[in-house]
Amino acid sequence: MDIATAAGVGLSIVLILVSIVLGGGSFIAFIDAASLMVVIGGAIAATLISYPLPDFLSVFGVSMKTLFWKVDTTGDIIKQIVSLAETARREGLLALEGKVAEIDNDFIKLGIQMAVDGTRPEVMEDILRTEIDAVATRHATGKGLLDCMGRFAPAFGMIGTLMGLIIMLGDMSDPSKIGAGMAVALLTTMYGAIASNVIFLPFAEKLGFISKKERLTMDIIVRGIMAIQSGENPRVIEQKLNTFIPPKQRPSEDAA
Amino acid sequence: MDIATAAGVGLSIVLILVSIVLGGGSFIAFIDAASLMVVIGGAIAATLISYPLPDFLSVFGVSMKTLFWKVDTTGDIIKQIVSLAETARREGLLALEGKVAEIDNDFIKLGIQMAVDGTRPEVMEDILRTEIDAVATRHATGKGLLDCMGRFAPAFGMIGTLMGLIIMLGDMSDPSKIGAGMAVALLTTMYGAIASNVIFLPFAEKLGFISKKERLTMDIIVRGIMAIQSGENPRVIEQKLNTFIPPKQRPSEDAA
Amino acid sequence: MDIATAAGVGLSIVLILVSIVLGGGSFIAFIDAASLMVVIGGAIAATLISYPLPDFLSVFGVSMKTLFWKVDTTGDIIKQIVSLAETARREGLLALEGKVAEIDNDFIKLGIQMAVDGTRPEVMEDILRTEIDAVATRHATGKGLLDCMGRFAPAFGMIGTLMGLIIMLGDMSDPSKIGAGMAVALLTTMYGAIASNVIFLPFAEKLGFISKKERLTMDIIVRGIMAIQSGENPRVIEQKLNTFIPPKQRPSEDAA
Amino acid sequence: MDIATAAGVGLSIVLILVSIVLGGGSFIAFIDAASLMVVIGGAIAATLISYPLPDFLSVFGVSMKTLFWKVDTTGDIIKQIVSLAETARREGLLALEGKVAEIDNDFIKLGIQMAVDGTRPEVMEDILRTEIDAVATRHATGKGLLDCMGRFAPAFGMIGTLMGLIIMLGDMSDPSKIGAGMAVALLTTMYGAIASNVIFLPFAEKLGFISKKERLTMDIIVRGIMAIQSGENPRVIEQKLNTFIPPKQRPSEDAA
Amino acid sequence: MDIATAAGVGLSIVLILVSIVLGGGSFIAFIDAASLMVVIGGAIAATLISYPLPDFLSVFGVSMKTLFWKVDTTGDIIKQIVSLAETARREGLLALEGKVAEIDNDFIKLGIQMAVDGTRPEVMEDILRTEIDAVATRHATGKGLLDCMGRFAPAFGMIGTLMGLIIMLGDMSDPSKIGAGMAVALLTTMYGAIASNVIFLPFAEKLGFISKKERLTMDIIVRGIMAIQSGENPRVIEQKLNTFIPPKQRPSEDAA
């Protein structure tokens, strides 16, 4: 689980609660179910129109991924590939069959399985690269959806505030109610700003960041697996893959 | 029909109506024909200036397409192409003539018809790719138009509100009317925000999304048809086309 | 003349006039020469600083072009080129000399004249392509200028409103004048929004759209003329040029 | 000197002064040294943080260049290069040495001097192209700086207004001073908008425009000088360089 | 240490303090711990969600780098490389081993060390270019983080102001407190604008600027070191590297 995501969300909530207390406000004044419904419901509705249903539904899975994300460090990935390459060198490609079950990473597993099955190299590379593209597209759609909600939430916040102001302005017979009316009207704008800046936009940002890292890792894996299949020397494979990562992050050569 | 589009539009309307009721407002206060006219009329006028008339008129067809859109799943398209390739392999290209009538997809039909007519391969590919470009341009123009209306609707909403404020400020002899005057003035801003965020921008977004998917499908079809014409083995065609889609979405090989 | 541009401008004016009447305002309250001067004068001044004088002056010609624009349909252009190719095939390149006077399109005329004069093909293509680039640059500058005015007009509208508010706030001795002062102050913002959204931005948009279509047409012409000069078969020329336009828009083959 | 820049700045000042008079305001109400200091000082401070000192200081030279800019028309440049090519053809490359002193344009001078010195062609082209890149980078940095100030000036205008409002709201014991307080508070926003829209953004825009033209001219010069060095025929050089400019702007061929 | 950064930050602080004094405000009215906490805390929280923790933590190091940054002038770098090339020419590559300790620049040191160790050229170039990419990525992430905080700080400023207004509007029983309530509410917007425009955005801008310069320098170093390794003539190396910098900045040739 990515501690920063949880810490950021928690910190935001604490900050908002503490400043209500310090400002002398009551929590009740900040809670209005109808306002929340307009902002979140509106952002969901506009996003439903913007994306086909299956893509929309996938956003939840994608957001959870952001919360519970764990990228294998590139150094570990390279070590694992080099170790598989050594097995293949010593005992032949088919010996990898016994190791498939031990592999955590699904993408390495897919590649090794195809190598063991004797898939032709060019088909194998095509399939692995299509998989990378599919993951990238899935991430880009998820990021697009979250950005979309981040744009629509404040827009519906403003629509809600305008509606509240119009209702308030239509009945100003009791001046003492004007302040309360405006306070309620402003709630939707506040909800929209919080939903957008605490949830939608930061999650979209992190998803984009994670996606870039994951694609780099998958790219390293494809090169490693293709090299294993063509029977390259494990030492050469290690040296090649290591050029993808800066010197400081490289696994020490004697440890491999 | 794309259920998400309808659901999103319906949900937006319900949300707005419910929040008026919950806010204690009357529906009548939210309806003003002149305000609606300024916002929608203004957005249409500005878009008419921005685009030639034929392109402007095509926007309605394009929007309807968004509502009633049905992309053949790529897996089905590949199955169909492989089946046509098998027929061509067994009985010759001309045998496809009898199958043309059974083909639903207009683009496959165009390609197969040309193959049957003995059109030269390079001309055939040029014509099919021009068709893809034409579809992409049509979609891009449609998306541009909707984005345009999504930008101009709030602008005319603001112009309407400024006009309302100027009228109200010019006659403040009766203070009790000030509230009502401001309420009416704010209506155009609200209409502009709703039109833009419920209709124009989400429809533009979905059109762009659909366009990308449709171009991918058409690209797969072109490759399939060119392969059929050059008499390639149906199994090889299937394997090639399958590399365009991620493993999970592939039709099971024995089903083809 | 492009009917959509005129219709859009007319519709905007009618909408604004009608909503003043429906809103119960007087036209006089919406007219203020000084406010108009600040907004339009300011936008012109800022654009003068942004562009060299000759480029600035050309904007009027360019805008008129937008109003009175008539692109030859690509189908007609292709027919004309094929007809010239037939003459060249039958009677030789020099026979085109007699036809030059009949050609409407200046760009085709320039190309045919060079072909008749025996200009070397590579020089000819260079000159024609430079002409396309020059037209594209002229359009891009015109669009840039209009976009510039579309950005500066609302900015000077806001500057005018701030100036009006500062004057009003400086003398609040007579509260009954505050409303009128604010109304006048808001006029510049309204003028800026109208000038930008009815004139500058939509004209810029259309100019960009027209430019793209014109460049495509000029590109087709260059290919056609180069093919005529190299003495290609008119049927082959027709087939080649037709691949640039989608099937539905093609002139029927037997009509050519 | 570029007349449009001076005219635009002058026109803006006149417009602002005239509208203060027409609006019935006093000039004194629009002058506040502290407000000016916050806006201009703040924009300078933020830009100082954004750019290293030497780059920041160069902005003044760059802005002056915008005011006193004079690009040689491309036609004159080509004439001059063709004339140098004729001398080189008739009397040899070394004969150009005597002509170097007559050349106005520093870039042509640099190139001809290197040709006379017998610099190897590939080194010569590298050096000339590096010089083009250096000029382009200098212009881009200047434009970036001006854009930066154009963004920060309104931001500090808003900060100043917020500070003025907070001071005013903190002491509302004398209601008659509220108007004056708000007027002063709004001054900074007005200053920021004027500085940005009359000075920084239009100057940035013009600098970008000039830069593009200058790079095109330098590109033509490089091609011309390389052609002179390789001893090409002056007529061929002229024809080649002329393809860079549209027919209407070409020097008449017999005049060269 | 980069004097411009310090000067810009100092100037901003002085400007703000002086204008409070000139505006007749008290410093105490501008200090509110809770408001500061919402703005800075909120920006940090949203950025924590946007970036993984290790990347977030690196932002401080990166910002310090901006303050204490010192790029070797490119001219000095070239002199140093030429001097190393001379040693290698005269005494062989291994003679550079004794010079490694004298080299300040870590990147040159890494390259020379590898050359001395006899690393294969293609591996060496791969490793050096990966290092450049790693530095560029680190800078881009740092700039992204600062831009992120520059966007979120004003957003949380607005959220804080909305919360303050809602609290104030909820209790308007004592009209004399309304002004003070609004003043406090506006503080967060002001803090957000200052944090964004004095700190986050200008630091992001400078980091981007520095990054571009540093990558150019590293690129020159890679070319120089590869040339040293392949045993090129020091004079040729100097001439090649000098083409990367404009004539005026070149070290005088006889000084090398």
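Chains here go by letter, A, B, C, D and E, matching the order in which they are written, and residues are numbered from 1 within each.
In this section, contacts are C-beta pairs under 8 Å (C-beta built on N, C-alpha and C of every residue); 3 or more make two chains touch, one makes a residue touch a chain.
The structure presented is a predicted model; accordingly, all values stated were derived computationally and were not measured.
A.B. asks: Along the shortest chain of touching chains, how many steps lie between chain A and chain C?
C.D. replies: Steps on the shortest route: 2.
A.B. asks: Please find the path from chain C to chain D through touching chains that uses the fewest steps, and give that number.
C.D. replies: The fewest steps needed to get from chain C to chain D is 1.
A.B. asks: Roughly how many whole angstrom separate the Cα centroids of chain D and chain E?
C.D. replies: 27
A.B. asks: As a quick test, compute the distance in whole Å between the mean CA positions of chain A and chain D.
C.D. replies: 43
A.B. asks: For chain B, which residues are shared contacts with two or more other chains?
C.D. replies: Where chain B is concerned, no single residue meets two or more other chains.
A.B. asks: Once the touching pairs are worked out, the chains link into a ring; list them from chain B, going toward chain C first.
C.D. replies: B, C, D, E, A
A.B. asks: Over in the complex, which chain E residues touch chain D? Could you list them?
C.D. replies: Where chain E meets chain D, its residues are 2-5, 7-9, 11-12, 15-16, 18-20, 22-26, 29-30, 176, 179-180, 182-183, 186-187, 189-190, 193-194, 196-198, 201-203, 205-206, 209-210, 239, 243-247.
A.B. asks: Can you tell me which positions in chain A touch chain B when the two form their complex?
C.D. replies: Interface residues on the chain A side: 34-35, 37-38, 41-42, 44-53, 55-56, 110, 123, 126-127, 130-131, 134, 148, 152, 155-156, 158-160, 162-167, 169-172, 184.
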